[in-house]
Amino acid sequence: MSVLSVRNLALSIGGTPILHDVDLSVEAGEILGVVGESGSGKSLTALSIMQLLPRSAKWAGEIEVAGNSIGAMNEKALCKMRGRDVAMIFQEPMTALNPVHTIGHQIAETILIHNECSRAQASERAAALMHRVGLDPKKISPDRYPHELSGGQRQRVAIAMAIALRPKLLIADEPTTALDVTTQAQILDLLRNLVKQDRMGMIFITHDLAVISNLADKIAVMRHGEVVEAGPTDTVFREMRHDYTRALFSASAHVPKREAHINADGEPVLAVDEVVREYARPRKSLFQASRPFRAVDSVTLKIRPGENVGLVGESGCGKSTLARAILALDRLQGGKILLNGRVFSQAGAGPDMRQRAGVQVVFQDPYGSFNPRHTVRRLVAEPLYLIENAPAGAEREAKITRALEEVGLQASDADKYIHEFSGGQRQRIAIARALIIEPSLIVLDEAVSALDVSIRAQILDLLASLSTRLGVSYLFISHDLSVVRSITDRVMVMREGRIVEEGTTEEVFLAPKHAYTKMLIAATPVLKAPAEA
Amino acid sequence: MTLYLLRRLLALMLTLIAASIVVFLVTEIIPGDPASFMMGINADPQAVAALRSELGLDQPLVTRYLAWVIGMVQGDFGLSYTYKVPVSELVGDRILISLPLTLYALLLSTLIAFPAGVVAAARRNTAADFAVIGATQLGVAIPNFWFAMLLVLAFAVNLQWFSAGGFPGWDAGFLEAMKALTLPAIALALPQASILARVMRSSLLDTLDEDFVRTARAKGLTRSQTLWRHALRNALIPVLTIVGLQFSFLLAGGIIIENVFYLPGLGRLVFQAITQRDLIVVRSVIILLVFAVVAVTFLVDIAYAVADPRLRRRAR
Amino acid sequence: MSGHSQQETGFIRAALGHPAFLAGLLLTALFVAAALVSFVWTPFDPEKMQIAAKLKGPSTEHWFGTDHFGRDVFSMLMVGARVSIAVAFVAVGIGIGFGVPLGLYAAANRNSLIDEIVMRGNDLIFAFPSLLLAILITAVFGPGAINAIIAIGIFNIPVFARLSRGAALSLWTREFILAARVAGKGAARISVEHILPNLMNLLIVQGTIQFSLAVLAEAGLAYVGLGAQPPTPSWGRMLAEAQTFISLAPHMALFPGLAIVLTVLGLNLLGDGLRDLHDPRIRRSRG
Amino acid sequence: MNMSKSLAAVSALAVALGLAVMPAQAARTDISVGMVLEPPNLDPTGGAAAAIDEVVYANIFQGLTRFNSDGEVVPDLARSWDISEDGLTYTFHLQDGVTFHDGSAFDAEDVKFSLDRARGENSTNAQKALFAEIAEVEIVDPQTVKVTLSEPNGSFLFNMAWGDAVIVAPETADNNATNPVGTGPFKFGDWVKGDHVDLTKYADYWGEPAKLDKVTFKFISDPTAAFASVMAGDVDAFPNFPAPENLQQFEADPRFSVIVGSTEGETILAMNNKKPPLDNIKVRQAIGHAIDRQSIIDGAMFGYGTPIGTHFAPHNPAYVDLTEQSAYDPALAQELLKEAGVSELTLSLKLPPPSYARRGGEIIAAQLKEAGINTEITNLEWAQWLQEVFKDKNFDLTVISHTEPLDIGIYARDDYYFQYADPEFKKIMEELNDTTDPDKRTELLQAAQKKIADDAVNVYLFQLAKTGVANAKIEGLWENSPTQANDMTQIYWED
C-alpha cells in the first residue's frame, strides 16, 4: 500500500490558481524527490498534504495518506494525523523552533500530544530520539534552548521532532538549503538512514538537482504548479523527456564559456596585506574588556588585472567581512589594502576616497540592493558621484545607456522603478551599476546565490563575457563550490578568518592539499552526468 | 547577565542624577516665591524674609541642590514648605492611594485586554475581531477625564452606586476603600486596556505568522493548543513593555483623574504643590516618579530575560 | 504607464477598499474643514455672550446649544478645532523637526558618544511624567497655546528620534546603503538621499498617531487650564467649564467630548489605514 | 422619560423604606463640612491661607477678642478691658479656668508670649502689621495683661480679633502647624492630608460646650465633586459652595437649605493706576462705564452678589451706595476714551484661579470689547498672580476679591499693587486712625469711599456673596462671613 497518493490535486489561493493536476505517490521506504525552481508549487503541494494551507486556499482532488482520504477528515482527525502519520521538516532551522521552549520539551511535545504516556516517559523518549538524530544528550542537554545550538544541530532537533512517532510519511521541504555543505552532507546521510531503518516514505523537496540525484529513488519535476516529468531517478536523468527537465539539468551543470586573460606582469588591481578585522565581544566583567573576536586574521592576497579569483568557505569563516574590508566599509585593525598599487585603506586611517572608484560591488540580495524609491537611471548612475567631474546631460545619459545595454537591458529601462524587474534583471542592474565607472575590480559577494539555476546560468554567462570583453577583475565570493569552479581562474579557501589553501582553480579542485578543502569538496553534492547514470 | 544588570543599574543612576538636575533647575526658575505665597497678599515684607530664611531659600543654588540630593540619598526628602511635615511622610500617605489605584487600574486593564486581544487574534477577521478593534479604537480616542465625568454622572449622581469621589481611608475597611477606587480605576483603565488589547492582538498575530507556529501545527497541535503553548509566551514580550510603561504612566498620570474624583493621591499632591510653590515636594515627588519609571523599566528588562531565554545571556 | 503612477493607482484602489481608512479620512477631513471654514464663517460669533440665553439645550437656532455665558457651542467647537489642530500640528512638527535629524544623526554614528547622548537624553525625557513636566513648563512660562505646543512638542522629540534611529539603523545594514557607500557617499548625504525617503511612510503613520495623541494632550492641558487662554475657545477648556454644569446642561460636556473623541478616532483610523496600505504584507492579503 | 420616572419611583420607595426602617434616634452629633481648599498647615499665626482660619478659628484657637456672626468684635479670652484716656494703654482682664488642649493652664504669660512672638523680629506672621503699634506687653498678674501702644489705634480691638492674633502656648507653638493646641471648644483630632481634618469636642472647655462631638472638614476642590458629594450626603454642609450654578438645584430640593449671605469680599476690577494709559482718570472712568455689573453677577455668580460702587461692604453701616457714579453706559465710555485721546487700546487682564475672577474676567473682556477696548486674558495660578500682579505690578487689569474685613486702608499703602497712594486719601486714613469717636469715624470712612470712587481707582464690581448649602436639619451656621471662619460652636442637628 502507498503511504501517500495524490491524484489530480488542484489548488488556488484567493482565486489565483497555483497547482493543477498534480499526481504523486510514495511507497514505504521510498524517497520521492520533488524538484523545481521557485514558484513551481512544490512547497504548497507539501502543505496541501499536511492541510496547513492559508485560510484563503481552496483545493480539489484526492489525497490519501496511508489509505485514508484527507478530504474526508475533520480538523480533529487532521490534528491526529499530523505528527503521527505525516511529519514535516522545514527549511529554516533558525525560526522553525520555538525560541522560548527547551529542545527536549519541543521533542517530547510531539509524543505528549499524540500518546497518553507520562511526561517523564516522554522526556526519556525525547532523549533517546536526540541520540538517534546524532545529538548526544550527554553533550547537548535537552534543557538547552534553540538559540544555543548551531544550525545543523537545530535541524537535527527538528528531525527528531518529526520522527518521534515513526510517521509513515516524512516531508522534508528544502531541509538543507540553509546549511553549509558539510552539514548538509551529514543531514542527508541521517535522513537517508532514518528512512531505511523505519521504512518511512519521504518526500524531499529541493531546487538542487545535485542533491536529489544522490538521494531520491524517484523524482517529480515541477514547474508552474504542474508535474512535468516523473519517474525513477535513473530513468528521468537518462531520458529527460521534457524540455524543462533538460533545461534544468543543463543550467545546473552550466559552465560559462570564458578565456583567461590575466595580465601577469601588471600592477595587481588588489593587494591585501596582512589585513586584520576584529569585533568587540561583549564584556565579561565590568573592569576588563574581553578579547576581541578576530573575523579576519592577517590575510594577504593579490588579484592581477583581468584575473577572476574565487573565495570559498562556509558561513562564519570571515569571507564577507573580508569583502567589506576590501570595500573599505569598515576600519581595519591591522594591515593595509592597495588598489592598483595605491593605498586605499589601512589600519588607523580612513579610506582614501580618491581610490574608491577602483572597486565596485554586487551583493547577494537582488531585492535589498536598491533604493526602492529611485529610478533605475538614478540607481545605475549613483557611482558616478565618485568621479570628480561627473559627466552630465547627454554624456551621462550615454553612459547609463551603455551600462544597461552592456548587461542586456534597454535604454528605456532607465525610467522604470526596481520593483518592475525580476530577480535576474535586478542582478543585471546591479552589475550595470558596478560597471558604470569602469572599475578595475568588482567584488561579487554571493552574487548568484539567491537566483534560480536557469537565471544563475545566464548571469554567469554575462559575468564571463564582461570579464573577457572589458578586462575587469573579479573577486568572486561564494559558498557554492561548483559555481566558483565554473567562473574563476584561481581560488582561495577560507576558514576561521584565515586562508588555508590557495591555487589555480583546477589544482585546488582536482588535488586539494588541505584537509579542510578535501572535506568541503567531498561534501559537495555532484550532479552525475546522464551518461554515468 | 549580572554584568548586564550592573550596567543597567549604572545607567539608572545616571538617569536619576540627570533628572534631579533638570527637576531642580526647572523648579528653580518657576516664577513665584514659596514664602510670599504662604504669607498672602497683605504680608509684611519682614515676615516674608524671615520665612525665606527659615525655609533655607536664601542659601546659594548649589548648596541647596547638594543639600537636597544628599538628604535624599540618606532617605531624608526634606520638610514640606507648606505642610511643615517631612516630605517622605506626605508621600507615604499619598502613595497608599496612588499605588493601589495604579495596580487596580493595571489589573483591570490587563483583565480586559488579555482576553480581548487573544480572542481578536485567534479569530482574525471575524466579527469578534472587528468588535475588539472597534472598541479599542474608541477606547483610545476617549479622553479619560471626560470618561470620568460621564462615569460620575451615571454612577454617582444618577444611580448613586458609588460616591462621587473622595477616599474614606484604608481604616474604613478594604471593601469601602476599593469601592472608592473603583470608578477612578475604571476611568484610568479604559484607554490603557484599549492600547494593551491592540498590542496584544498585533503581537499575537505576528507570532502566529512565525515558522515555529507552523512547526507546532505540523506536530499535530490544534490551533488553540498552538496559540496557548507556543504563540502566547512569545507574544508577551512586547506586551510586557507596554505594561511596564503603563504602570509608570498611571502612577504619574492619574493627576487629572485624582482631581476629578478628589482622591488625595500623589498626582494631586504634586499638582497642589506646584500651585502652592511647595518646591521641595514637587522636586522630591517628581524624582520619585522618575525613579519608579526607570526601576520599572529595569524590572521589565529582567522580565524579558525570564520570558525569552535568548536574552538571558545578552550583554547589551 | 510609468511605475510611479501605477503605484499610486494601486494605492488608491487599495484605499477605496479599506473602510476604516476611508472613515478616518472622512472624519479628519470634516474637522479640518470645520477649522478652515471657521476662519470665514461660524453660525454665531463664538465670543458673543448672551447671558440671558445661557445654558440653552440644542435647538434649531443653536445646534449644539449655548454655554454658561450664552455663547453658541457649535461656533465655539468650530473655532476650537482650529486651536486643537494648530497646536497638535506644530507640536508634532517640533517632534519631527528635532527628533528625526537627531535620530538620523545617531544612527549614522552608531555607538558613538553622540549616539549615546541622544539615546540617554531620550530615556531621560521618557522617564519624566509627561503631564507633570508639562504643568511645570507652563508654570514657568505661563499658560497659553504656545507653551502647550512646547510642552507637547518636547515629548514628541524622543518618539521620533527613537523611531527614526531604529528604522535608520536597520536601513544602514541594507545592501543599497552599502552600495551608496561604495559609491563614495558620506553619512550625511546617505541619510538625506536614501534613509529619509525610506522613512517617510513610517513617519507619516507615526505622525498621524502622534497628532491624535497631541490633540488628546492639548485637551488634557487645556482641561487643567494650561492651554489656549480665553476667550479663544478650546475643547479641553470647554469640557472643564462644562463640568459643574454636567447635571444642569449635559450638552455642554457632551459635544466637546464627542468632538475630541471623533477627531482622535479619525486620526487613529487614518494612521492605522495608512500603515495597512503601506504594509505590502497586509495589502497583499487584502487584495 | 420612562427610565427616569421609574428611577424616581424607585428612589422614592427607597426613601420611604429608609424612613420606615430608621429607628427613632437621637440627633446626630457629628458633621462633615466641605471646604474648597485644604489648609497647608493649621497654624493661623504662621501663614495667610484662608483655609487655616476656616478650620481653626473659634474652633481650636481663640484670641483676646473675636468676631461674632455679625462681624461685631466681642470679648473672648479677654473677659473685659479698660482703655486709657489717651488711647495708648489697653488693660485686658482674662477669663478664668481656661486650659489648653494639652491640659496646661492659660494665663497672662501666654498672652505676652503670643503677642511678642507675632511682632518679633523673626516673626513669620503674615499679618505682622496688626501688631505694629504695640510698644510693650506687660503682665500685671496671671489674669491681667497691659498692652501699651506707641500711637493710638482705633481698630486695635478689631485687630486682636483676627485669626492671626490668636493666643498660643509657648510649649506647643512650634508644632501648631501639624498638631494645633489651642483653648477652643474643639481639639485637633486627625488630619488625612489631601482629604480631611477631624476635630473632636474638648471636654474641659471653659465656656459653653459645643453641641457637636465631632467635626470633619472635607477638602473638595473640584466643583463637580463638591456638587456630587453634597447630593450624595458625603458632606453635610458646604458653607462656601464653589459652584453657584448648582444652588438652584439645591433650592428646589427639600433635603437641603441654601444659605445666602454676605462676605467681606469686595470684588474689584483692579487697574494699574501708574501704567499709561491707565494713569489717565478718563480711561479708568471709561472702563468703569463700559462694565455692566448686573451682567457679571448674573453670568459669573448666577445672580448671587450685591453691586458696589466703592471699596466697602454694603452690610456695613458706614456704606455709601456710589454705583450710579459708574453706571453702565457704553456710549459715555467711548466718549471718555475719545476725550482721553485713546484708541486701539489693548490691555492685559490677568486672572487668578477663583471662578468669580475667571468667569467675571471673561465677561468683562467681552463687555470691554463692545466698548472698543481689547483685552488679552491670562489665567494665572495664585503663586504666579502674586508674583506678576501683586509683586512685580506687571499687569493692566485684574479681577480679585479683597476679603479682609474693613480693608479700605490698602488704598493708603505706598507701592500697593494698583499703585494709588493718593496723598489726600492717606490724610483721611491717618485721621481715621487717630479717631475713636464712632460718628466721626463713619464720616471719615464715607469720605474715603467717595474719594476712591471719584478717582475711579478701580472698578468696583460686587460684594462676594456667601453661598452655602447644608442639610436642612442643620442649625446654627453663619449666614454672613465677617471673617474667614467656620464657627462650629453653635451648630446642632435638629431632631
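Before moving on, here are some points about what is shown:
Chains here go by letter, A, B, C and D, matching the order in which they are written, and residues are numbered from 1 within each.
The rule we apply is simple: a contact is a pair of C-beta atoms (placed from the backbone, for glycine too) under 8 Å apart; a residue touches a chain by one contact, two chains touch by 3 or more.
Owing to the predicted nature of the structure, the values given are computational and were not obtained by experimental measurement.
Across the two interfaces under comparison, A-B and B-D, the one joined by more C-beta contacts turns out to be B-D.
Work out the mean CA point of subunit A and of subunit B, and you get 49 Å between them.
Subunit B and subunit D, compared by their mean Cα positions, are separated by 39 Å.
The mean-CA centres of subunit A and subunit D are about 86 angstrom from one another, to the nearest whole unit. Subunit A and subunit C have centres, each the mean of its CA atoms, that are 46 Å apart. For subunit C, the set of residues touching two or more other chains reads 139, 243, 246-247. Among all residues of subunit D, those that touch two or more other chains are 222, 224, 227, 353, 381, 384.
Under the contact definition stated at the top, not a single residue of subunit A touches 2 or more other chains.
Listed by label, the pairs of touching chains are A-B, A-C, B-C, B-D, C-D. Taken together, the subunit C residues at the contact with subunit D in this complex read 47-49, 51, 54, 68-70, 139, 142-144, 225, 229-231, 243-248.
Those residues of subunit D lying in contact with subunit B across their complex are 7, 38, 40-41, 43, 47-49, 121-129, 177-178, 192-195, 218-222, 224-225, 227-229, 231-232, 234, 353, 381-384, 386-388, 390-391, 404, 407, 410.
Residues 56, 324, 327, 329, 353, 356-357, 359-361, 363-365, 368-373, 375, 382-383, 385-386, 415-417, 419-420, 430, 433 of subunit A are the ones that touch subunit C when the two sit in their complex. Listed in rising order, the residues of subunit B touching subunit C in the complex are 11, 14-15, 18-19, 22, 26-27, 29-32, 137-138, 140-143, 145-146, 149-150, 152-153, 157, 248-249, 251-253, 255-256, 259, 267, 270-271, 274, 282, 286, 289-290, 293-294, 297.
Put simply, subunit D touches subunit C in their complex at residues 222-224, 227, 243, 245-246, 248-249, 295, 298-299, 353, 358-359, 361-363, 365-366, 369, 376-381, 384.
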